[in-house]
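Chain nomenclature is as follows: A, B, C and D, assigned in order of appearance, with residue numbering initiated at 1 for each chain independently.
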Amino acid sequence: MSSSPPNLAVDFAGVKLKNPLVAASGTFGYGVEYEGILDLSRLGGLVSKGLYMTPRDGNPTPRLAETPHGLLNAIGLQGVGVRAFARDVLPRLARHDTAVFVNVCGDSIDEYAEVAAVLEDAPGVAGLEINISCPNVKKGGLAFGNDPAMTHAVVAAVRKVTKRPLIPKLSPNVSDIATFARACADAGADGLSCINTLLGMAIDVETRRPKLAYGTGGLSGPAIRPVAVRMTWQVARAVKLPIFGIGGISCAADALEFLIAGATAVQIGTANFVDAGVYEKILTGLTDYLVRHGLTDIRQVVGTLEIPERT
Amino acid sequence: MSSSPPNLAVDFAGVKLKNPLVAASGTFGYGVEYEGILDLSRLGGLVSKGLYMTPRDGNPTPRLAETPHGLLNAIGLQGVGVRAFARDVLPRLARHDTAVFVNVCGDSIDEYAEVAAVLEDAPGVAGLEINISCPNVKKGGLAFGNDPAMTHAVVAAVRKVTKRPLIPKLSPNVSDIATFARACADAGADGLSCINTLLGMAIDVETRRPKLAYGTGGLSGPAIRPVAVRMTWQVARAVKLPIFGIGGISCAADALEFLIAGATAVQIGTANFVDAGVYEKILTGLTDYLVRHGLTDIRQVVGTLEIPERT
Amino acid sequence: MPTNRDVVLVDKQALGGPYFVLTFEHAEVATEGRAGQFVMIKAGQSAEPPLRRPFSILATDPAQGRFRLFVKAIGQGTRALCALQPGEPAQCLGPLGRPFTAPAADEEPLLVAGGYGIAPFLLMSHELRARGVTARVFYGGRTAAELQLREPFAAAGVPLVLSTDDGSLGFPGRVTGALEAHLDRGGDGRRPRLYACGPDPMLHAVAALAARRGLAAEVSLDPWMGCGVGTCLGCVVKIQGPEQERWKYRCACTEGPVFDATHVVWPGDATSAAAGAAR
Amino acid sequence: MPTNRDVVLVDKQALGGPYFVLTFEHAEVATEGRAGQFVMIKAGQSAEPPLRRPFSILATDPAQGRFRLFVKAIGQGTRALCALQPGEPAQCLGPLGRPFTAPAADEEPLLVAGGYGIAPFLLMSHELRARGVTARVFYGGRTAAELQLREPFAAAGVPLVLSTDDGSLGFPGRVTGALEAHLDRGGDGRRPRLYACGPDPMLHAVAALAARRGLAAEVSLDPWMGCGVGTCLGCVVKIQGPEQERWKYRCACTEGPVFDATHVVWPGDATSAAAGAAR
């Protein structure tokens, strides 16, 4: 038995991640907001918030509401636009040793491809996460992610303009997520992000108005973890692509559920808002787990779920 | 202003409920288990656990697992069968002044119709809830509820053999629940139950085995409430039928969310396991709410959500 | 009749390590609770964990309307309960389940406990004492630190045989070893009747021992419980009565937790008659 | 630099009703925190509510590495915080946000607070005192019971003008009424500069008053905050600077919570220049 610490590095669609912990889109800003609060080089990677061609205001407030162990959001993809991001943010992120993924949005198939094309020449981009699953914009978003043909069309269009690793982000608001995973694989995806938020609603009963300005929003946080783990497991059985498991992760055991279900790495979303120390805690926890189980490499746990067949 | 207490009675698909609180299927046994623990006559109604033609063992254990503010179950519809229920249980329930709904299951369209036919002559049945959405049985269940044509076929088949109020129970594991609501309405449903459990999974990371025997199960409890409220609101806008709002209700404010979203009444599931006093607490809370808001009738809150259109 | 109440913690004793004795006010449990029955309870303020937890009734005080639990804090639910301060509320439903069956006059009651499985046997000793019968209690654990509920037995003058796997206290070895030693010595001469409560493997061992020696035995099972009243169907165990062709899932909460040891189909066990039939 | 720490409650003072003063250990907040800045904090044990809550820094003690909060317990998060016992942990990130701007030498700083909006002005009084400037503090509430943070101002000799809507203490009426009375008397002769913290309608009234009288004013806004560091975008407010054609959503957590009163586009307000342009 060697006493060197176990390996946490993984390869995700050709991108080297020094550990399997990646900050999820929309919950980590453009990354630079956390400079000084935590050491970005400790992260396996980060995903930028969603970017369109042009800047956007997003939705009116209130945009957030708490639910039991969950968070509803309807930010509406407020953002600076992909050009400002490439010009102002990417160079700052380049100072940190972490993989930068960009979350690509569009109101049309053309816009997705345009955003991807802008990023094709930008230095310091590890891969593109294609957001076909945002429930908080009027057109686009969810519509693309809830129809397998549209999903295929968006992914194929982006595939044409980029050589970068292409990672569609799946919507959980569907009957059979495996169908969507296969549509993405067929269209040339290199990996999958699983999952985005569940469409939800909360009502202030005193005013009889929704707690979010437009009524519905995306549900995230520990509440959705059982759904996200189930979908990760279904997707892992449906396609051979590497998967980012996402949904309600806030400790090492949570992350391990997704890895065991078949994810190669995980993304951490809502927990970023609660505790900037979450990465260090999970890294310690993963290492402890591997040592305790006599394992030397995090990849030894990926997809190891033992599940009896129904009789 | 009169000082008489506000009215809590509602009419659900022709069934008079003395208040809008109904015990949900599978969480209240056959009702008789709670005799002596609470006064069944205080309930607006109750729904029996799911019944097939024959007795069933259900799934192996473990069948339950806790998740953050949620409960996963994979009971697998253990039960005595509809004939034993009609013979042994219905007469006992007749002693209580509450509306008894029966949750009808089937492995085939024919079995659904057969179970309904057995109940057609049984006294003391207020209505039939058609369970097309159980995620915990190998065939049937979810399959019927996740395909609009199958949904239509099951409901139409049961419609042929019963004059009783017919209330299909919708699955939340679909892209567009409104489509299913309309399919039920077209097939002759008198009301809808919204929602059954979300398909989920939890993993014991120490053993790398699922926490439920077969891996997946149905997620219930406060965690799913935002999804259930959203779906209730979508269904209420899609069809004119009365709706049972279901999902994570454990206090008066929770129940009010569903009523305001458009439900005529609500069902209480997981909360039955935690607190047999939940009905009294909610009844008091509803009365207080109406008085505080100067309302005289619970029906005045149904479907009153004020929601701004997106600009 | 099981009664659902918001109760109040009136006293808390830390026994060392994760072990606590908690006293609550609940008139029905205090007057109607029998050895082997349990309550479903959760700490009042916490919405988490989502469900209540089952605990055997340790002792009752009908005069004061109080009962006691012996709780080992091991997870979220037990820790929340043991973190309660006197005066703070909990939600409690009880008494629940089927109690142990009383021994006949010519039987020697031998109470066999592992870990927190000792809880029902304090109440049982008192019940037997009230009928003029003295029980002998076998109380085993891995190590002395796990045998925290010794004092009240001593105080009541109940014969207590201790055992530890590591030999740090009492008989060195399994509690069934201590029991067999007693049986081998011929017991007190009456026909032995076994009552067991503790972890599954221990109960299984007691059942096997009883079958081998042809002794009557009751075991209190410890499955995970969601509701305590027969509606969640989470607590089912495979039970096969003597006249049944095949096992059936029975609710441990309503048809147990106490079962005849020969009726239990032990997991992975093909040697007992019942298990053989069940496969 | 904002620093994330597991902190410990070292002292708790109940001031009456829902009001508490809590003292925590956190070196960076203690040494770097400025008036108007805030921390994001949650009681350590509770997983619920899901997010932290923002609180203005009430006072700092750089020598001991401690800071204080003045907390009104109104909901789940604040109640959990005020239920902490000394020695218990919390999670805290701070100091955060843009502080108030110091007044010029020829300006009279007038600090206008409603309810728990008083919190930043104790620290501010101390900061000004350290620079030889005495601030005048206007502290209003609906009733005397809402004005619980009087004693530390008195102890520090800071002039404190109280007001209550119901006239139960101090000036009868709105805090802006007390402020106007002072302004109408000519203040202390220097050019008045307003600083305000409290509920939105009060801030709006102060902004309107400042606009009417042509006074400089800063307001500390109180939107709901999810993260405190500019990433959740839950706290955005409509801000329109003098040279901007149109409002923009700005994060109150990083670009505020203190804003120039004339830059804030008040909800439903068409009278301010900014709001007019924004529609």
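Brief remarks on what is shown
Operating definition for what follows: a contact is a pair of C-beta atoms (placed from the backbone, for glycine too) under 8 Å apart; a residue touches a chain by one contact, two chains touch by 3 or more.
Owing to the predicted nature of the structure, the values given are computational and were not obtained by experimental measurement.
Number of steps on the shortest path from chain A to chain C, with steps defined by chain touch: 2.
For chain C, the chain with the farthest CA centroid is D.
If you average the Cα atoms of chain B and of chain C, the two centres end up 36 Å apart. Note: centroid distance chain B to chain D, computed from Cα atoms, is 48 Å. The distance from the centre of chain C to the centre of chain D, each centre being the mean of the chain's C-alpha atoms, comes to 57 Å.
Chain contacts: chain C has residues 47-48 touching two or more partner chains. Taken residue by residue, chain A touches two or more other chains at 67-70, 221-222, whereas all remaining positions touch fewer.
Chain contacts in this assembly form a single closed ring in which each chain touches exactly two others. Inter-chain contacts occur between A-B, A-D, B-C, C-D. Contacts from chain B toward chain C in the complex involve residues 27-29, 33-34, 36-38, 49, 57-58, 61-64, 66-71, 73, 75, 78, 221-222, 270, 272-277. Interface residues of chain C, counted against chain B in their complex, comprise 1-4, 6, 42, 47-52, 91, 93, 223-224, 226-227, 229-234, 236-237, 248-249, 254.
Across the interface of their complex, chain D is touched by residues 47-48 of chain C.
Against chain A, the residues of chain B that register as touching in their complex are 67-70, 72, 138, 146, 173-176, 198-203, 205, 208-210, 213-216, 219, 221-227, 229-230, 233, 248, 253, 256-257, 260-261, 289, 301, 304-308, 310.
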